[in-house]
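Each chain carries a letter (A, B, C and D) given by its place in the written order, and its residues are counted from 1.
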Amino acid sequence: MKKWNKDHVINTLPARKPDAHKGTYGTALIAAGSRFMPGAAVLSALACMRSGVGKLEMGIEESVIPYVIQHLPETTFVPGFYERLQNLQLNQYRVLAAGPGREADDETETTVKAFLKSDVPVILDAGALSQRTYIDRKAPVILTPHPGEFLRISDISMEELEENQQQAVTKFAVETGVTLVLKGQQTITAFPDGDVYINTSGNSALSKGGTGDTLTGMITGMLCCHDDWKHAVLNAVYLHGACADEWEKTRSAHTMLAHELSDLLPEVWKKHEGN
Amino acid sequence: MKKWNKDHVINTLPARKPDAHKGTYGTALIAAGSRFMPGAAVLSALACMRSGVGKLEMGIEESVIPYVIQHLPETTFVPGFYERLQNLQLNQYRVLAAGPGREADDETETTVKAFLKSDVPVILDAGALSQRTYIDRKAPVILTPHPGEFLRISDISMEELEENQQQAVTKFAVETGVTLVLKGQQTITAFPDGDVYINTSGNSALSKGGTGDTLTGMITGMLCCHDDWKHAVLNAVYLHGACADEWEKTRSAHTMLAHELSDLLPEVWKKHEGN
Amino acid sequence: MKKWNKDHVINTLPARKPDAHKGTYGTALIAAGSRFMPGAAVLSALACMRSGVGKLEMGIEESVIPYVIQHLPETTFVPGFYERLQNLQLNQYRVLAAGPGREADDETETTVKAFLKSDVPVILDAGALSQRTYIDRKAPVILTPHPGEFLRISDISMEELEENQQQAVTKFAVETGVTLVLKGQQTITAFPDGDVYINTSGNSALSKGGTGDTLTGMITGMLCCHDDWKHAVLNAVYLHGACADEWEKTRSAHTMLAHELSDLLPEVWKKHEGN
Amino acid sequence: MKKWNKDHVINTLPARKPDAHKGTYGTALIAAGSRFMPGAAVLSALACMRSGVGKLEMGIEESVIPYVIQHLPETTFVPGFYERLQNLQLNQYRVLAAGPGREADDETETTVKAFLKSDVPVILDAGALSQRTYIDRKAPVILTPHPGEFLRISDISMEELEENQQQAVTKFAVETGVTLVLKGQQTITAFPDGDVYINTSGNSALSKGGTGDTLTGMITGMLCCHDDWKHAVLNAVYLHGACADEWEKTRSAHTMLAHELSDLLPEVWKKHEGN
């Protein structure tokens, strides 16, 4: 399988344009968090705003707003998101993401359906992942399951997956027409055109609650600042792992918190910018 | 066009007076933030309190108070601000600012009108920017639009603006009698006396939501500690950009959050103090 | 009495497994905090998530949720914990802890009883400590009283305790079948098999409110990542003290806050990892 | 006038006793903060817990609790403080402080009266300062007015004060039997026995809202860990200023926030500990 490594990242990370304004990088919309899992909204928002987005709007239950603002006063909120979902002009956004900190309930499902009807890239994670047929659309759909979630959303059996991961994910990506980011020790990203890459960064500091929510945010943000969306996905997965590698240099892998990946990203990203 | 550069800043930044008490630098009042954009109140407050003010009072909806206190326990609040607006003794303040995180709604408009009737400097941004005639007043009025906002509040067309920015902003400033800070890659500040400066700091790390709210706060605070208000505006714009330049030395421009400008200000400001 | 020192820690701290996922280290459940002592929930949660756990769920009154999320967006919450206590599948958790920031009231007592009926390790502290007979169970029960609390939960008199601490705690541990962590300047840990160790780290920076809540969280987390639960307890006590020792190198012992132990843990832990 | 300088501090700061537990340093109670000035509760609490106290309980309106916990999960709260004020066992506390972020209203006045009836040291600041006769008590009363507040609580005129500060404050302290900390560029501390000291640390970074609240907290905490209460007051004033001096070494004096004094205290204190 092809590897995505440091050199690829250095060659594909975009420079921030000197004459950019926040509109240049667009507005992302993330639908995440709920009453008993509010923190996932925080984690994905933090990661997104650190990853090149222009502006971030959160589509969240009003009770979750305070948690996000505490960590991220730069965020704004869609008034009455779940009530007004059908009437939102979703094409005004550069990228749409749903799922972190969400149960697979009716509201989540309605969100996903609305998002998929838009013309912009959609990322689905956690509660937004379910078995579904993907309608034909030009803009990419990106799914980010861990193995347990992947088995739930596909017809593939655990045995098939363990036997040949690459084949299983490629088949799924090509047949459904979506991009599959199968998360694990070595995350595999399979594109609908049959292209597959294995990630080469990261370590077991990531085996703790919340790191997946952070990844969703990073992919969302990077889609906003990359010209090539495939590079955006691959670079998000790589830098997410590279932050954990930075952590481990001086701190125990047992001790990292997911939001600290976002704290580490500014310097880690800089180290991957050619100049 | 005249440039405002590092040397100008070094020559005009005031020393903090050894025998000052908080009254020496006065109290600023900022009216900012709302239910779905509460963070702008936090961002402008943080920036203001880092910029030489004596005390800061926030004129905000009570639901926004918790967000500010979390980041800034040093702030106090005007009880029942919007209800009591007509009865406030606005001349007790050193500087008044309005607009960040506000819609251009009735409450905002009433705030602006009340502020303009006072005898103290007024800064208007975001939701407080609208087409209006400025009544004659001795204290300065400072507007901080980005190009989109500038087109909305003036009769100037996009073509005119693109053709000759300097001429457009100077005309506006002189004719309306206000100071115009036209924000962009190279922010232009035009004073009502015809003086115009182009800023020489900053980079595209600033092209992200919230950086404008931070600038409003910095101008507010600097007006409190400068003797010459024109220097206050020019130095705020410069140092705001200089913080972004400091960021970029070791961190990717894609990753900065607006509130981090305020974190960087203490050391950046120190580097511009003659000693 | 046998000492537990730096060499023991270095020899017994587990490496984080390269192929681990968050399930590998399990989910801990902490029942802590209340209306007028909400911070203990924060302190124990922070410490737990820094100590090798896979995921953390908090069993708390809903009013305490915001406090935890502010510090730790990585945490999730058991919906309606106290109402649904009898119906929770407690064996799904790797470790259960109760008591920090809790009064010794009915709710706390019901929690303890439910926890003790499970098959997983249970840690009891503060309000969860009371005189009780421990039903026979395979999984360890760990009590973490300070001397005042120990006198309250045992029949031992202050005189007996002062005369021969080792004998008093060993007797209690062996007779009741629980592990006793008697906290103090030199914390003594007595296991039900008669094994007793005295801790060799720590200093009086720890003599401040909240440090005990932090210890409870550290034990909880370390039980999740150690194979040998006795090592987990001893290492938690040791590293808790070692963080205070790190503090004191450059900062006054009068000034430490309990949550800062958790801030220091990542680097302190790393220094105790063989490589 | 006698100066209190670095050498005095080094000679009088207590070591933290190796065998101390949190009870050794006692519990402080601070009554501070209100609906529109909640942050003062945070500032005084932070400073107190950094200054050697064993435990801190806050006597605050319930709506202010969240603000304190966000910054300081180590604090607990007196249930129904203002309702239960008359029935509280105030002598259980080591030190009582009132006033920061309080109006001079009925609740504040009732608090002060109850505090003064106790047998423990009392610190009064801000809204708790008013003209009153001090009943005879053995434990010290410490007032911390700035000049404006001092004029309000004494019969001294501005002219008298400006002419001879030392004489004015000494007279007040001796006649009323209280300790007067007259805050300013060079804070003067006058004891009821006629002893007077002028502080030698600090700078105009302190001339900003909230620094006085921080001082109140520092005095409160230091009274808990000093054997000699006069040294506690003098050292608190000195270290408060020394933190501002530390700030100014690398950061502009215009930019400091009051809560950052408490961030700086651990290292500044350490530098004044003989070893």
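The definition used in the following text is that contacts are C-beta pairs under 8 Å (C-beta built on N, C-alpha and C of every residue); 3 or more make two chains touch, one makes a residue touch a chain.
Since the structure is predicted, the reported quantities are computational estimates derived from the model, not experimental observations.
Between chain A and chain D, the least number of touching-chain steps is 2. Counting the residue numbers that touch the partner chain, chain A and chain B have less than half of them in common.
In this assembly, D is the chain whose CA centroid lies farthest from the centroid of chain A. Chain geometry summary: the mean Cα position of chain B and that of chain D are 35 Å apart. If you average the CA atoms of chain B and of chain C, the two centres end up 49 Å from each other.
Across the assembly, chain C contributes residues 66, 70 that each touch 2 or more other chains.
The touch graph of the protein chains shown is a ring with every node of degree two.
Which chains touch which is summed up as A-B, A-C, B-D, C-D. Here chain C touches chain D in the complex through residues 35-40, 42-43, 46, 66-67, 70-71, 101, 146, 184-185, 203-205, 207-211, 247, 250-259, going by the rule given at the top. By the touch criterion stated above, chain B contacts chain D in their complex at residues 16-22, 24-25, 49-56, 65-66, 69-70, 72-79, 221, 225, 265-267, 269-270, 273.
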